[in-house]
Structures are given as C-alpha cells and as structure tokens.
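Several structures are given next for inspection.
Note that subunit A is present in both complexes that follow, paired respectively with subunit B and with subunit C.
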Partner chain A sequence: MDKNAIKERSLERYKAERDWFAFLLEASDLMVGPEMQLQSKLLKILVESKQKVVDCVENDDPFIAAYFCNAPELFNAMDLPWFMLMETPFLGASAPYLIDDIQGAEEIGIGTDLCTAIRLPIYYIESGLMPVPTAVIGLLSPCDGAPMLHQVLRHNKAWRNIPIYAADPPYSSDDRAIKYYARELRSMVDFLEEHTERKLDMDRLKSVCEESNRTYSLWQEYNELRRAKPSPHGWEIGGPQAFAISQCFIAGSPKCTQWFEQLLECGEIRVREGRGANDNHEEKIRLLWFDIMPYGWIFEFMPWLEEEWGAVIVMDMFANFPYTLVDTSTEESMFYSLAKRNLIDSPMIRQARGTAENFSADISRMVKDYHIDCVIWPGHMGHKDGAATAGIMRDTCRDLGVPFLHIGLDLFDKRYTTVDEVKSKVSQFFTAMDLG
Partner chain B sequence: MDSKLTSTAYEECVAATASIVNPAVEQWCEGGGRVVGYFCSHVPTEVISAAGLMPFRMRGTGSDGTELSDAFFSSINCSFPRHTFNLALQGGYDFLDGLVCISSCDHVRRVYDNWKRNLQTPFLTIMSLPRKVEDAQVGWYHEEISILREALGKHFDVDISDEKLWDAIKLHNRTRRLQREIYQLRKGRTPVSGAETLAIMVAATAMPRSRYNTLLEEILVELRQREPRNGYRARLMVVGGELDDPSWIETIEEQGGLVVADSICFGSREMWADIDESLEDPVEAMAKYYIQDHPSCPRMYGDQPRRREYLMNMVREFDVDGVIGERLMFCDQWCVEHYMNKADFKEEGIPFLQLDREYISSGKGQLRTRIQAFLETMGK
Partner chain C sequence: MSGLGEGSTSVFDDSLEKIAGYIAGLCERGRPYREYRLPPGREDALHEIVAKVGPGANPGIILRSDTFVELGNPSAGSCACLLWTNDCSRVDDGRIRVIGSDVPESAGKSLAFGQVVMVAGSSLGPEQHPSLEQAQYVADQVEGYMVKTASRNMWGRVSKEAGAKGFDFKTLGGALRVLVKDAAAEVEAVEVLFVTSSKEDVAALASIAGKVRQAAETVVKEHWKARGYDLDCDLSCASCDDKGVCDDIRDVVATIKKNLRRRESGERAGNGERSDDKSVA
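Then we have the complex of A and B:
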C-alpha cells in the first residue's frame, strides 16, 4: 500500500466516528431544551476533535495519542492536538461496526477474555485502522490490559518507530508516590518537547491550570445539585459527559468552563422547579452505577431504567471525585497537583490502580452524599481487579444497609450478557429489594 | 522406559512441591523458625532470609475448590489466587508469620485487600512494583526494598544489617548457580525430565534455603551419573507464568514431548541472572536485579524485545523443536504476551502452541490430545 492509502485506511474508522457524531449532532439540533443544547455543544466538540486529528494526519501536522489521566492540561498548554487510543470503545461504541470489529479482533487471535476496550484498539493497530500519531503517551494503569496494549503497539511494525513514553504509576498513593509521578510527568514533557517541536511555556500552563480549576470548581458546585431529590439529571447529562469534556477533549479551555456554567444553570433551574431527570417519569430509585456506562448498548438500557422503573443514575464512577485543584503558585506545585489529580483523582484509575480502599470509600461517600437507594457494580468482563473486589464492595454496601447488585457483563459487547438478560437481572433485583 | 530419580534429596523436593505444609516447613517451625509468605518472583526474598525468616512462595497446591474465596473473587478471576486464598481461608496458611504481597497483576494484588480484611496474619504488606525497567524505577524499588527491610526488622525485632543482606544474597545466588547447573545438563542429552526439574525448582521456594542448596548439590551428583533420557519425540520449551504443578509437564512428557527448557516463574527466569555481588549497597544490588537484570515477564512494560531475545536464545541453546505457551485463564498479561510470542515464533519458523489452563487441572485428556496434535503438526 502506498503512503496515502495507508493514511486513508488509518482514518477509516475515525472518519466514520466523526460522521456518526455529526449525525447525532444533527438530530440533537432538532430537539429543544437547555439540556439538548448542552448535548449539541458536546457533540460539536467531539466532531471538531475528530476533525482535528483527521486534518493532522492528512496534512502531516504533529499530534499525539494519549489519555485523559496523562494530565491533558499539559497537552493543551503545549498546543498539541491529541486523541485517545481507546477512544472507539468509549465513544463510537454505539456505532454500527462495533460488533464486526470485536469479531475482527477474535479473528486475528486475541483472547476473548481480554477486556474489549483493550482488544479493539489492538485490533485497530494491528489492522492499520488507527491513525498513526507523531508520538504516543502510553498508559500503564489501571489494569494489566493497558500496558499490554502499548506493548503490542511497540511490537507492531508500522508503529515500532513511533516514539512512545509512558509515565510509571506507582501502586501506593502517598506523598512519595505523588512526587515520583510528578517526576514521571516532567519526563513526559521532556519527551514531548523532543519529539513534537512544541515547548511547554510555564505561564501558559499556569493559565490553563487556572482555567481547569474554574471548571472543576463549577463541576463540584454542580454535583451538589445532584443531591437534590429528585436529582436534576440522570445518565444523559452531567456525568460521563462532564468527564469527557473536562478531561478528554478541551481540558483547561474557556469553552470547557462555559459548558459547565451552562450545566450548572440547567441543574439549578430544575432543582428550583422540583423537576427530576426525566420529565415523563418520576424518580423512584436513586441509583449508583459504579463503573463506566455500558457504551455498547447504552441507548437500549439506560432509558429503560428510567421508563420502566423510575431508576435514575444519580451518580456514577466518572461523575464525582474530590478533584485536586492545581496549586499554580510554582512550577513544582503545578506538577505536584497535576500528578495528584491524575494519579489519584481520575476515575477508574482512582479505584483500580492501587489498593481497594477507594472502592469502598467512594461507594460509602456517594451513597451517603447522594441518598442512594442501591448500588450496581456491572462487573465488566475486563475489570479483573474489580471482580476481585466484589466481596469488599458487597460488604461495604451491607454495612451501609444499601442493596448491591453485581451483574457480570461486557460494557461494549452486548452478546456477552444480552440486554434482555441484564434487564431481567436488574428487574429481579429491584423486585427482591422492594425498590421502585 | 526412563528411570525415575530416586535419591532422598529429590524425594524431599517432591514432597515440598506436592504440599504446602511439607516436612521441611514443619521441621523449621518446630524448631521455632518463622515463615513469611510472598507472591511473585519480584519480591526480594533475600530480605526475608536476611531477617532469619523463611521465605515461602504462595501456592494453591492441593486445593480442592474455591467455595470460600468465591465470596470475594469472581468467576473472571485467575484460578491461582482463588485457590490460594481459599486455602488460606480454610486455615491452610495459618503457619505464616507474615505475608508480602505485591502489585504483580490485577488478580493477585487483590489478595492483599481481601487478606487484610479476613485473615489475621501478624505481618502483612504490599510492595509497589514499577511497570518500567529504567533507572528511575530502580530508584523507586530501592526505596520499596528499604521500606520492606525496615518494616520486617521492626516487626520481627531483628536488625537486618548490610552484612546479613549480603550473606542472604550470596546464599540465594548459590541457589541460582546450582539450578543453572541443572539447566546446563538439559542442553544436550538431558538426564532430567521437565517434570522432575519443575519439582526441584518449586522446592526452592518452600523450604529453608541452606537446606535446599544441600539437596541441590546431592541431586546434581545423582544427575551427573544418570543415563540421558531416551525415547522422546520432540524437545519442547514451556513459556508462561504461574506453573508449579509438575504433573502438568508430566502429561506433556507422557506424550513424547520432552520439556528441556522454559521461561516460567518457577523456572529459568528465577535464576538466569545473579544479583551483582560487586556493588557496595546490597539494596541497590537487589533493586537492580529485580527491576533490570532478572529476565522479565509481561508485567514489565517496554521489555518485550528483550524477552523475545531471551526466548529465541533459549530455543537455540537448548535445541528446542517447539514451544508451548501456557496461560492461566483470564490472565491479561500472558494473553497478550502469547499473542506476540505466536507472531515472533512464526517469524522464526518455530512451532508454537498456546494452552489455556486452570490452576488446578482436572482431567488431562484434552491436554493429551492437544499435545499429540502439536507433535504431529511438527512431524514428530
């Protein structure tokens, strides 16, 4: 294949995702209401970010592959476009080709008990369906799958010569661990400066961090609103969307802050008017969904929860953590705070990277703060450390006196446990616990 | 028919490998000796030895179920920690005075969390193992080893001096050298089977080290006088992780595949390199060994090219005809590593077979069939 054909193939899925979001954007533009405006804005940001990567590939401009927990404020401050290697399973997961691609991964011989969110990018890398960036910032946590994905990337012939750096996440979470991680982040910046011809300007970093602090303060304020009964929002807005926008796409930009201002406004209006997440269905069960959303079948399941049971996802794993505000007083304090936020606060990394304390502490905190009626741990097939924490979560919930359900499913592949089976398990649970 | 090893030294190793509380452990405990369990080859066992304690590598040998641990782990967890933790819940590890866990994989690291909440072992800790193998990580692990040294010393009220650490390093390096001598004998017409070798290797982790070294010397004398193995169809290498059951290798060998080399946790990776005795600081020497010098496993990111080279060298040095990649079900690390191994061996024209297994194997029928088919595809 010639260079252009290789490029074209690497963008195939990426463009399809861009078009998928553009299609959703068109549909959401037709709907009215402030929440829909927020959705539209988010979709527009997604489309723009996809387009930016397409442009970079086509014009040979520098861009990188990285992750939300690699301190994206640094990329922003360096003016580096970036995308997430694991983006598709999370973003394009409801797109029509997902099952075909999972099958494709099986056909090239990747074990089926490996997390689907890892299998898919491996498949894309191995089949030339992933845009090849100027440099890669890898991810070595929270699970065993993530480093293995990057090891495959280094093994792949087309990627072998792409420079890659991955910060080493310590298993502990004390001051020593944060300082070590801060040094790893500094090495990451050195690496990026060497390989992308972009420089990190400390004044620029300071202003990006200040902006991201504004965002995080608004987010915390907004999360207070979700304590209200009924909760102003459920799965559709304010949870994973807030995460995506603040950590994955436009971290530390004024546009991001504006989105959160609008989110807060929407929430306030609803709370003032006593309106719940779904105008047509009363809130009967306040649910903590303690994991990623089931992106592969989200639209077949989440609305059903509200419509059938009045079950509202008041909180989820990605929606509320005590995000560390960056201390912008010195260069050292900025790196230290960024290390703390990205090592300890980032969702999923926070629970799964280290010891199991945060599984129980976060459940306890959220159950109390948000008046949760029951906790669902979906039991994603990739979350092996979480699977080994199921007993601890169950015990935590028993001590809190709140019902706990562990399902066992694949958040991306609905053939693993079908949506009907999941619904039936959830219904049985609600009925047995006399909820709803 | 090849004869079996018969010396009492070998029998003692077999006994240590076949059970948890073996005669050597019993004797040690009866004499007032204390035992500290550990998970994974990255735990610096020399520190435990230097404290006058016996390091004991955690296994689930003899477990007949996971009923108790199923309340804590799930069906998508590796059966090794599930069986091992089940044994512990049944009281099978009550003889431990301490346990050193490590962040080695998603399954094993959670043993620490569940152990902490459900068992009363007097000393319990978890080490933070880095993911990379660069100098910064050696520095981090230096601190981790120092923390372990201090905590063990404090808890067991012993002074773990540099001198004691060097003595322990020398003792463990002696084990490595003796074990390598056994492997040297396997390069040509080997007098020892793969199953026998594994039994000898596992025993190192389940008895006092000086006793073990004496046994190894006796076994080496016996092996040097022994006739080479005959009547096999192919020379095989086993690559993988937590494999401590000689009967699994025996099943392969019964089909005619003589296992002459390996890269497994209880095998060559344990002893292919020594801890550098020429350095000034024993902690530095251990940190360097456990992060950089020790042949790595897929837990360590960025080192796959070196692992590939290690495997290819083994194939050449041991004149290997085919490679078996073993993996415990649900292990992500070996799942992906073998995906790469398969491609690498294919490139070199070396037959490779991946076998997924459960930690406690029930029924060897399927294994027999797969091995026979593999040998046939190799034209053996």
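Then we have the complex of A and C:
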C-alpha cells in the first residue's frame, strides 16, 4: 500500500465514528428541550475534536494519541490535537459496528480474557484502522492491560517508529509521589516539544488551567444537585458526559465551561421543580454504579432500570467528584496540581493504581452524601484489579448497611454476560433486598 | 484493643502537638481568637446550638443563591482532618476554638476554612477509625449546612436561613461533636478547631493535615488487615518470585546508562574536550 492508501485506511474507522456522531448530532439538533441541547453541544465538541484529528492526518500536521489521565490541559495549552487510544470503547461504544470489531479482535487471535477496552484499540492498530499519530503518550496504570497495548505499538510496522513516552506513576499518593509525578509531566512536555515542534507557553497554560478550574467548579456544583431526592438526572445526563467534556476532548476550553453552565442550569431547574431523572417513572431506588457505564449495551439496560424498577443511577465512578482545582499561582504549583489530579483524582487510576483504600472510602462517602440505597459493582471482566477488592467493597457496604451486588460482566461486549442475565440478577437482587 | 494507640499514645499524638503549636503561633501573631464551650451532656449540648443534628436534618440541598457563607472554596483555602488519641487528657471535651471570623459576621463572604476534629477515647483503635473519619463529613446531618463532596478539602455552605438563625462555629462544632460521638461508642471527648483567618494560615494547617493523612493511611491498612484484607502490596524482595526480573531490569538500566556515558564521553573527546569521567572504562 502506498502512503496515501495507508493514511486513508487508518482514517476509515475514525471517519465512520465521526460520521456516526455527526448523525447523532443532526438527530439531537431536531429535539427540543434544554437537556437535548446539552447532548447537541457535547456531540458538537466531539465531532469537532475528531475532525481536527482527521485534518491533521490529511495535512501531515502534528497530533498525538494519549489518555484522559495524561493532563490533557497540557495538550490544549500546546495547541496539540489529540485522540484517546481507547476512544471507541469509551465514547463510540454505541456505534453499530462495535460487536463486529470485537469479533474482529477475536479473529486475529487477541485473548478474550483481555479487557475489551484494550482489545479494541489493539485490533484497530493491528488492522491499520487507527490514525497513526506524531507521538504517543502512554499509560502505565491502572492495570497491566494498558502497557500490553504499548507492546503492540512497539511491534506494529506502522507504529513502531512512533516516539512514545509514558509518565511513571508512583505507587503511593503522598506529597513526594505527587512531586515526582509533576516532574514526570514536565518530562512529558519536553518529549512533546521535541517530537511535535509545539511549545508550551506558561501564560497559555495558566489560562487553560483557569478555564479548566471554571469547568470543574461547575461540575462540583452540579454534582451537589444529584443529592436531591429525586435526583435531577440519572444515567442519561451528567457524569459520563461531564467526564468526557472535562477530560477527553479539549480540556480547559470555554466551550466545555459553557456546556457545564447549561448542565447546571438544567439541573437547578429540575431540582426547583422537584422533577426526577425520568418524568414518567418515579425514583424508587437510588443506585451507585461503581464503575464505567456499560457502554456496549447501555441503551438496552439503563432505560430498563428506570422503567422497570424506578432505579436511578445517582452516582457512578466517573461522575464522582474527587478533583482538586489547579493552583495557577506558579509554574510549579500548576504542574503539582495537574500531577495530583491525574495521579490521584482521575477515575480508575484513583481506585486501581495504588493502595486499595479508595474503594472503601469513596463508597462510604458517596453512599452518605447521595443517599444511596444500594451499590452495584458490575465486575467488568477487565477490571481484575477491582475484582481483588470486591471483598473490601462488600464489607464496606455491610458496615454501612447498604446492599451490594457483584455481577461479573463485560461492559462493552454483551455476549460475555447477556443483558437478560444481567437484568435477571439485578431483579433478583432488588427483590431479595426489598428494594423498589 | 487500642491497636496502634499503645498505652497513652497513638500515631496522631505528634500531630496533636503540632496543632497545639500551630494554634499558639497564630495567637502570638495576633489572629482573632475565640473559644466556645459546650456542656458535657448530649441533649444539653444540642439545646445550646441553633441547628437540628442527625440524619435528614438538612433535607434539601443549599443552592448557590441560597448561600449565606461559603467555607473552604479551594481558591480561598481549605483543609480538614480528624485525629484521635487514647490519652483523654489531650482533648478538652466540648471546647470549640475559632481563629479568624465566625459565620455571623461574614455574610456573603467566601472564607478560607480549616477544620480539625480532635477525638479521645482510651479504648479507641483502628477499627473505629473509618467511622470517625467519615463522621467529619456531615452530609445531610446538620440543618442549614452542607459539605460538598470533595476530596482532601472541606468545602461547605451555610444557608441564608441558617445564617438568619445565628448559625455559628459553636453550632457547627457542637454538631460535629455529636456526630463523632454517635459514630463510635468508644469516643469520650471531642474538641474542634476552625481556622478562617487567611489562606496562608489554612495552608500551614494543610501541611499538618497532610501528615495526619499519612498516619491515617497506616491506621486504615491495619484496620483492613485485621479483617483479612491487604490494602497494600505487602511484598518483600527476599521472598518475591519476580526478584530475578527486577534484578535483570536493574542490570539493563545500568548497562544503558553506562553506554550512554561512554557515548557522551566519546562525543566530547571527538569535539576535542577532555573526558573527566573516570567511571567510564
């Protein structure tokens, strides 16, 4: 294949994803109501971000592949377009080709015991279906699966000469660890400057971090609204989008802040009017879903929870708000705060990188603050780190007097545990615990 | 069983001393200081404060527009910690100390906020620690007061209605004392410190709170260990099956560094520079 053909193939799936979201954007534009406009704004940010990457590939401009917990404010401050290596499972899992792609991954021999969120990008890389960036920022935590992906990059013909850097995450979470990780982030900037020819301007970083702080402050304010009974929003609006907007596209952009302003406004209106997440179904069970949403089958499961049981996801792992605002007073304080946010606050990294106390302490706090009636640990097949702490979570819930359910499923592949099986387990649980 | 709190000491005793020194230092520097005292009995103490305390006491949420005073916005300065000791003489039960402005005189303001809850009980141990630590986050249990769900900060909000009733730190401290005592029967004394004097004063307190957090991690690990769970990788290199792999990695890193030094030294020699690196063979 010549260079242009390789380029075109690498954009095939990426463009399909962009077009899928552009289609959803068109559809949501036709809907009325502030909440639907919220979806439109999110999709617009997503489509623009994807288009930027497409433009970079087509024009040979620098762009990078990275992760949400790589301090994306730095990429924005360097004016460096980026995409998340695990973007499809996180953001495009509603896409109609997802199961075909998972099947494709199996057919090229990738072990089915490996997290599907990692299998998919491996499949895209090995099949030449992922845009080849100027540089890669890798991830050495929270699980062993993530570095597996980097090993694939080092062996793939199209990717093996792409420079890669991964900040080394320390095991502990004390001041020394944060300072160490801040130095790692500085090295990441040096690496990016060397390989992308984009420079980090500290004034620009300050302004991006200040905007990021505005975004996070609004998120915090919004989250307090979810304490209300009934909760103003459930699975459909709130946490996962807030996570995506703040960390996955253009962190620290006024567009993100505007989205959060509208989210807060929508939430406040509902709280004042005493309206719950679902206008047609009363809130009966306040649920903590302690993981990523089941993106691969979300539309088959989450509406059912509300309609059948009045069970509303009041909080989830990605919607929880443990974030520290960035102290923009000095260069050192900015890197320190970014290090803390990305080493200790980011979802999954927070729980699975170091010691396991956050599994217990976060559940305790969320149950108390959000008036949670029961906790579901989905037990995603890729979250083996979390599987080791299921006992701690169960004991914590016992201490709190809150029912706990551990299912065992694949959040992206509904063939692992079928949606009907999940529904059956959840129904038995609710019935046995006299909920709903 | 006092666990880490052997005899009359606990892992937090050093921090208790540091806090005493911190308070004395601020007083010497002329910071506004006031002290409230609550009666020993639970009901008597509740009678002296202007808010209901207990689950559901603050049923709604306090919106931005309903806020009388904001406490501990991170941009203003914020920190909190809870420490306990087995030495009951170290904690003056019912004493609430405030350094800086109190709530009633701060309408419409966003104050820096530090909160320290000091607890004593001769039989307190790691098993009570998680409940005590959670008790400092009041959730819906104090009428007219809300703490946001933020980690490592204590970011609170007093409602206008509560402000009008005279909500002050005596009330908040008294409420915390009740909640902490309710969290564990072993608690004998609770004392609370609030600092609102400045961002810098709260930052100084935050560094002590950081040490408290580190000490608390040890206590939490012990608590879970006693229940059969290891929070930490409790490995020793001597008994680890992967020791060989780690040793190999160290050798590889050492070789890479050695080669790099050799190359750099060769480049310097090529540029006519004298190599002073004696370590390169």
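Operating definition for what follows: the second predicted complex is superposed on the first by the 436 of 436 C-alpha atoms of A that agree within 3 Å, B and C clash if a C-alpha of one lies under 4 Å from a C-alpha of the other, contacts with A are read in each partner's own complex, and residues count from 1 in each chain.
One rule holds in what follows: contacts are C-beta pairs under 8 Å (C-beta built on N, C-alpha and C of every residue); 3 or more make two chains touch, one makes a residue touch a chain.
Worth saying up front: this structure is predicted, and the values here are computed from it rather than measured.
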item	value
Fit-or-clash call for subunit B and subunit C when the two complexes are aligned on subunit A	clash
Partner chain(s) touched by A:Ser364 [first = subunit B, second = subunit C, both, neither]	second
Touched partner set for A:Thr355, first subunit B, second subunit C, both or neither	both
Which superposed partner A:Ile162 touches (first subunit B, second subunit C, both, neither)	neither
Partner chain in contact with A:Ile407 - subunit B first, subunit C second, else both or neither	neither
First (subunit B), second (subunit C), both or neither touched by A:Ala22	neither
Partner chain in contact with A:Ile392 - subunit B first, subunit C second, else both or neither	both
Which superposed partner A:Asn223 touches (first subunit B, second subunit C, both, neither)	second
Touching partner for A:Ile122 - first (subunit B), second (subunit C), both, neither	first
Superposition-derived comparison: subunit B or subunit C, residues of subunit A touched	B
Subunit B region in steric overlap with subunit C, selected from 275-283, 293-301, 329-337 or 347-355	293-301
Set of subunit A residues, in rising order, touched by both subunit B and subunit C	171, 355-356, 389, 391-392, 395
In the complex, subunit B residues that touch subunit A	71-78, 81, 103, 105-107, 109-114, 117, 126-132, 136-137, 140, 143, 298-299, 301-302, 304-305, 327, 329-333, 335-337, 339-340, 342-343, 356
Parts of subunit C lying in touch with subunit A, wherever the complex brings them together	60-61, 63-64, 74-75, 130-131, 133-134, 137, 139-140, 146, 148-153, 155, 210, 214, 217, 220-221, 224, 227-229, 231-233
Of subunit A, residues touching subunit C in the complex	171, 174-175, 213, 220-221, 223-225, 227-228, 268, 271, 320-325, 345, 355-357, 360-361, 364-366, 368-371, 389, 391-392, 395, 399
Subunit B-touching residues of subunit A, taken from the complex the two chains share	109-111, 113-115, 118, 122, 138, 140-141, 143-145, 147-152, 154-155, 166, 168-172, 176-177, 180, 183-184, 187, 352, 354-356, 379, 381, 384-385, 387-392, 395, 406, 408
